[in-house]
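We call the chains A, B and C, going by the order they appear; numbering starts again at 1 in every chain.
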């Protein structure tokens, strides 16, 4: 409780300072953040969507290796949960969202510095058990009555994307279950309960051998864009900007595309 | 013989055989842990002996001998059990408690209630018919429990100290009820109370340590006890030894002069007992002049009030405990305290001597 | 049953009250905070929306069904555990109580590998044309799995404290074992059975993890109230809070009912 309160008041203070000192603070070297020579140091706290867990863990490691003396603290959760946490005063320097909606929400709360940068895209893919018992080969196959398909519920981003694809293709699905998270969808597929599930291509890649991915052309009807931004109440803006640069740079793009993400 | 039992249960050091004639009520007397409740458990089928057999008339209750494993479940035996506590089913009123047996035997609700009313009337409990057990006193509940047991039409009624949990005012009424309903009925009543044995039983069986030590018609056993327990119940001193013409000689050589049955004399070396009431014993300090017969040095172990007398308990050389009843005044005059060496003198006219 | 001393002295140090107050607050304060967060003007529309009503209805139906199943299966289990004598009895008790301490997700996974399509029994069931996964049956199974120990524990306790003396007497009065069970044992432990059933119902109502893992989440079929709350939280926190309050209200009513019953039975159980 005390930690939260302290950081919350620090964030308030930081915001007030930023507002009153706007302009005259620019360029002033801050010993804790770095130096005029471009040598970075300190800690940056990154709040990232759960689907970015493996890529951002990798990116953070690379970043720390490249910039000795820096430390990247990562916190993963659902994008909307992260927005709630940041607005409640959680100490974040960078926010990487799995959808534009959450980023917009944070911007509406005046907690985004400048504008967000889109750094990755994600599309849906069909996940089936390795043996593909229902012989799924296309999106239309999912609508067959004997096929047990599991999707995300409309309330969560992957479910919204599913709805969009259904509307765009005019093929309505009748899922046997509408899960509240990608993990739950994958769980039903890996256990063999469901014949197919609709998740993001990165989720299929992340699941390894346990599921087989079947891409389908209609997935481009619902491209999910991942924006990243510095948080207005952040304490280490310079390091935050450097981290974002690393994510959007060539090395970052490579890590992301290896995991299945597309480029915006 | 209409009821016969022979059973042993090693885990409880229990080995008894007994039989009941038709219409006979037998009282089982004995100290705590003697095996009285075990006996009832074995008869009712709640407890399984290692070996033995039992039957009521032609109905075999169990037979665990000769390789047979016949074992009738309790509900097939017709041996209703009445325990120390009434154990009325708390969710049923008195009438339905009594109707439980007939209902279980397959009677219709109406018929069972009629039977129940009959038996409630029989134990003077008709006004209690609609009461729940929680609204009954201990004595009332026990009378209803008697009615419930009888309504099940048991071939053998088992009573396990039915009066023990009742207060002193409730017991006499229940005893009267039992005297009435047990008449001409096969029943076994376990009791601590000599009054129950006198009033309710035709015959007494004394058990100790899982064995039958004495049995016979109630009057005989209580008037001429052969076991220390029965003597204690009858309030008599009991000394065992060898019969002689003049009385009895204890193993350590003390001689108790007493009265044989008229016209009877013992054969040499025959074992016997001498029984005499504590009131026949006087207490003296120091040596007594005159006849040394029936005069023994003892050490006082205890003094306690007994009615309007003081009961002096003492142990003699042969470790046979004896009691004397004397007046409080005499006790005070003599200055009796436990540990004191005194002399007990027994009036030989009041000592009954008979074979063991 | 009246354990209160006839004197006024109760011997509880004052500081215990202070600590007890903190403990009480730990439970009560979050509930108060939640109530404070409820969007009251929208409360009725929020809880009467179609998904909300579907979830509430499903929860009540499945909880009732699993409570029934708990009684049907739990009464014999409790009887066997409390009165029976057989090898492995202690082990069986330990296993029956396991769902009490098991994380519900683990229960869900275990159920999946039993009744799922690839599961131990699921394969045979599928051959027989019975599919449990993603069905309301799966929800009921999951709820029964987690709620059964509540009924068994409650009833076994009642059976033990009742003892078997009444049953012995009933048997000597000529009642066969089934009659004894029906007319003596069950009426005697009825308060324990009732409170056990009520607790089972409450536990079923709150079941989340095993259902989510094993049954899935589909409106009107498998999406019970807790799953609906979990889902609504993503987009509509107001609805989640409103539904949480409904769940709390039902739980309070159910537990209150149970507590009231138990007190009542304690007061009338003095005769034994």
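Keep in mind that, in the parts below, a contact is a pair of C-beta atoms (placed from the backbone, for glycine too) under 8 Å apart; a residue touches a chain by one contact, two chains touch by 3 or more.
Fair warning: this is a prediction, and the values are worked out from it, not measured in the lab.
When you average the Cα atoms of each chain and compare centres, the chain farthest from subunit A turns out to be B. Chain closest to the overall centre, judged by the mean of its C-alpha atoms against the mean of all protein C-alpha atoms: C.
For this pair, subunit B with subunit C, the centres built from the Cα atoms lie 53 Å apart. Subunit A and subunit B, compared by their mean Cα positions, are separated by 89 Å. Chain centres here are Cα averages; for subunit A and subunit C they lie 39 Å apart. Put simply, subunit C touches subunit A in their complex at residues 112-113, 116-118, 133-134, 212-213, 215-219, 222-223, 227, 230-232, 234-236. Taken in their complex, subunit A has these residues touching subunit C: 78, 80, 148, 150, 153, 155-156, 175-180, 184, 187-188, 191-194.
Residue ranges on subunit B touching subunit C, taken from their complex, read 44-46, 73-75, 77-81, 83, 85, 87-92, 100-101, 103-105, 133-134, 148-149, 152, 154, 158.
Considering their complex, residues 165-166, 168-177, 179-180, 183-184, 187-188, 190, 268-272 of subunit C touch subunit B.
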